[in-house]
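One chain, chain A, appears in both complexes that follow, with chain B as partner in the first and chain C in the second.
Our next item is the complex of A and B:
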């Protein structure tokens, strides 16, 4: 393989690289530059170095939004992964019935966040909401899911799990269909129980899909925005304000573009660190276990 | 199979091609809600109800009366400024936008809005025609930056049937308190006799309402909220007194606590409380309920400005206006904007049926306006109304910050001094970083 041949090969990748640089690398670099300036959406601004970052470190509203983001991500990703896995296990079979039920569970994923939050407002609102009315029939006081600072993040998590279930379920279904049938036949010949089969064959075979689902969902939920903006507007008193809602309010509500860019860069670094850590940790585990 | 699919795609593509018209198009962006299902093709302005119904039929009627012009409408969620700001940053703003008067200076000082003097002149409208409050709201320096459309503020919407049951009606009018202590006493009396809360409050996701209550009763006590363009003063004895008063209402269970705006509106319409403090914009809808036999509010509705609880009888108000974002336009589009202004000015009475105070002196003095239900009761709002000082920038964002902290104080999520101090810190930080 000669050097000249290498360069010609790169030419084929050039259109992609140019587009990638234009729509991804350039905005990323521009965002970094903006984060070093005090600038609004319509002004020239001036260079402040790491001033915006220093201001963010002392901003309790930003700190709370980061904590909220981590909490809601932890409330969403583990149950979403487990529920999606068990739904996939239950629905991984031929037949019209299973196909219809798969379609039903996937249907929420095609809805826009506006519709999802509208539906869940009707369910969660304590006055005349579905859950509120159900509570009242038992003679209980309806829970204020959208106005209690301790309930509002679980409410967002519930909404998001319902909305996001479809895609991970499909990934798990695809993973399940890749597992060779002869492994199950061998397990049956050995009279292994359902639990042993799941634990010894299914779960190890799904390890890569599991890692993919957890990483994708973690990155996605760390950027949770629409549910928080539309269902609770970040309230009460900032109890459901996520990091992306914080930077949206800073950029487009208060026009503090430099400050919002600094918040975005911090969030970007956090997502990158979490994703790389997950990849590294699961890679080590996979290697140690000799997984598929 | 492939041929059939290709043919279907071709038919779909051809069917998607809109016929080119020779009309002058204007792109209008507004809040006030979406009600196309009810008023989509309606041009009967006189029978339209509520902000959404009236503005929708007005635009429909303008399109019908001006066959050479078409207004394309984009409805945004209130207040719509983040979207507008993003559109302006992308250099693709609408031609006409609804804007609160307190927000105009943010955009005008950045050169993002056109002065509308020439449009007003073409439409035959003089700034002298505006009410004083409206003119003040759209004037910056020597130029007008919008067509004022109304003055609006908070009102006490009252269920008079429940007030009568509570023994709080005299000569057919609700008895209102003259002090904070009197209000608490009346609220207890109301709660004891009706078993329902005195106040219906939308404290969830409604920072504007909480900010309005705090601003109003601090202004009533003569508090200077913004001593200069870079600072707000809320954590003062007057601020603490007002916030503590609203907190006490919740502590003593005299008001609803967990409602957002739609829930509070539904609760008031269904007779679940005595007073719903919300804006002028709800009068039309509540009056319709009051005129409908069988409804809980039937013949049981009255509305008044906020009562005096401290100091002077003043109230925080704002105003809606039509502004024209800066962008390239054809002479025909400019002509169309002038015609739109003329049409809207001519229909300011129709808009005033929503409950808002009209922006034109002639409509304010029009016997038709004074003959509308409750208008003599709310007329004092025109004189009581106070806007924030024009040197305060980012008023919409500040209202959000103050309202969030005020609601936290009212509901007990934060201590009153903590919430007011947090509001001050957040607003001062915002104002301190303006270039």
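Our next item is the complex of A and C:
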């Protein structure tokens, strides 16, 4: 057999690989090159080395957008994970009622970001929103969620949690299905309380699902864009401008493609670093008790 | 795959537990119901007083207006073309490549597969600016190929199909090989029919992702007749103050969500099965 020299197998992979090289690998490299150049709408620009990066470091708008991104990610990921886990535990049962409630909690996840912001704009708006109406029935003054610097990120976080609950909940439900029944039977023989069973059996068995959910959600929320662009356009006074919105504005508002590319590379490195750290930290933490 | 019914070990949920769940579910649906009610109201009734949505009279006039507006129906058509095109493309490319990586021997196979897997770690924002530049060079902005192509290079499909095909017993293709079948025949007659469950799961996820994508169509489609529903609705809500009323806007939101809810309800099983697969990895 000369299988190793047989190029015909490659023909099957070639259509994908050719597009992959053109539309993903080439842009990835080109992005690094662009970030080292001063490029605008016209012409090829010129090489500035790390000039764009140096400028970013001193750009308070970029700095604020990074801080906003981290803040909103922290406001979203922990509550989202805990609520999704709690829902999965409560809804991991047979019966029509549980099935309907599972369907309801998943339903928002199939909507696009434009529909979600359209819905939430008229919930959060103080003069015409559902929350405002509810507030008024209690005799309170409606809160200006989208125009107050301190309320805007929590409002975006709330919108995002409502939107994103479905998939983590399904992942936890699937994880719960993989726990062998006899582990619970053993716990029952030991007369372990529900609480002990949860901490000793359920949670350790869900470890890998938990890591998966936290990693996926963190990477997703660090790229939060549509909610901020559509609901507030980054305002008031930049209080909800995220890193991706910053690079979008730099690229397609001011056509500073090199500068925007440098911002994109920095965010890419941050996402990689955070994801790898989470993976590594959980690998070490769980390695000790014999887990994989 | 074990169904949820297969293991019930949490004991009974207390009435308080059920109460909490139902309360949570009400909070989840309240925004959807609110949107639906707003969409059924006469626009002038809602001006400065959206609370009017809580009582009648209700009307379908906003929905009638959507069908009179050629742009919204055009956006629906665009979304359908882009989402179906991307789904078909991903299924074809990922099945072919998955077969090559799972079954065939060729030089640099492992290296190429690792390069594809590394692509899973590349967020779209890291490549979107050069992609925009590339598609401008190719004169593909404001075209269906331009809207469809970037979605075809997501490495997930290849990873998913390769993993699935590795799980198919080799005896099946070896038997066909002994019968003198070519690689293409084995792929088309033996492997593809066995991967139908994986194909349908991948199809549902690709369709959902393509239908809901906002980032790429936002920068690639700049002519309003080439907008997809996501971009069209974004433009509609940004111009809200100047244009038509709140009820009409919400009717557009409901109109745009109906197709995706239908897909969700029909393909629920595939979604749940895919999640079970992900939790196992």
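The definition used in the following text is that the second predicted complex is superposed on the first by the 266 of 292 C-alpha atoms of A that agree within 3 Å, B and C clash if a C-alpha of one lies under 4 Å from a C-alpha of the other, contacts with A are read in each partner's own complex, and residues count from 1 in each chain.
Throughout what follows, a residue touches a chain if its C-beta (ideal position, glycine included) is under 8 Å from a C-beta of that chain, and two chains touch if they have at least 3 such contacts.
Note that the structure is predicted; figures quoted are calculated from it, not measured.
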Chain B and chain C placed together on chain A: clash or fit? clash
Mind working out whether A:74 is in touch with chain B, chain C, both or neither, as first, second, both or neither?
-> neither
Check the residue A:146 against both partner chains and state whether it touches chain B (first), chain C (second), both, or neither.
first
- Message: Is A:127 touching anything from chain B or chain C once the two structures are fitted on A? First, second, both or neither.
- Response: both
### Message
Just to be sure I read the superposition right, which of the two partners does A:119 touch: chain B = first, chain C = second, or both, or neither?
### Response
second
Open item on the list: Contact-wise, after the overlay, does A:236 reach chain B, chain C, both or neither (first, second, both, neither)?
Closed with: first
Looking at the overlay, what does A:91 touch: chain B (first), chain C (second), both, or neither?
second
Chain A contact check, chain B vs chain C, more residues touched by chain C
| query | A:252 contacts which: chain B (first), chain C (second), both, neither? | reply | both
**Item:** Touched partner set for A:40, first chain B, second chain C, both or neither
**Value:** first
TODO: Mind working out whether A:61 is in touch with chain B, chain C, both or neither, as first, second, both or neither?
DONE: first
Residues on chain A touched by both chain B and chain C 127-128, 252
Contacts from chain A onto chain B in the complex sit at residues 38, 40-43, 45-46, 61, 125-128, 144, 146-149, 232-239, 248-249, 252-256, 259
So, in the complex, the side of chain C touching chain A is made of residues 1-2, 4-11, 13, 17-18, 20-22, 24-25, 28-32, 34-35, 38, 46, 48, 50-51, 54, 92-94, 96-97, 99-101, 104-107, 109, 112, 115-116, 119, 121-134, 149-150, 152-153, 155, 158, 183, 187, 208, 211-215, 219, 229-231, 233-234, 237-238, 246, 249-250, 252-253, 256-257, 260-261, 263-264, 268, 271-272, 275-281
Note: in the complex, chain A contacts chain C through residues 3-13, 15-17, 19-20, 22-28, 30-31, 34, 87, 89-94, 97-99, 101, 103-108, 110-115, 117-123, 127-130, 133, 162, 165, 167, 170-175, 177-178, 181, 184, 194, 208-209, 212, 219, 223, 225-226, 230, 244, 247, 251-252, 257, 260-261, 264-265, 267-268, 271-272, 275
In the complex, chain B touches chain A at residues 81-83, 85-86, 88-89, 106, 110, 112, 203-205, 207, 256-260, 263, 266-267, 394, 396-397, 400, 404-405, 407-408, 411, 413-414, 419, 426, 430, 433-435
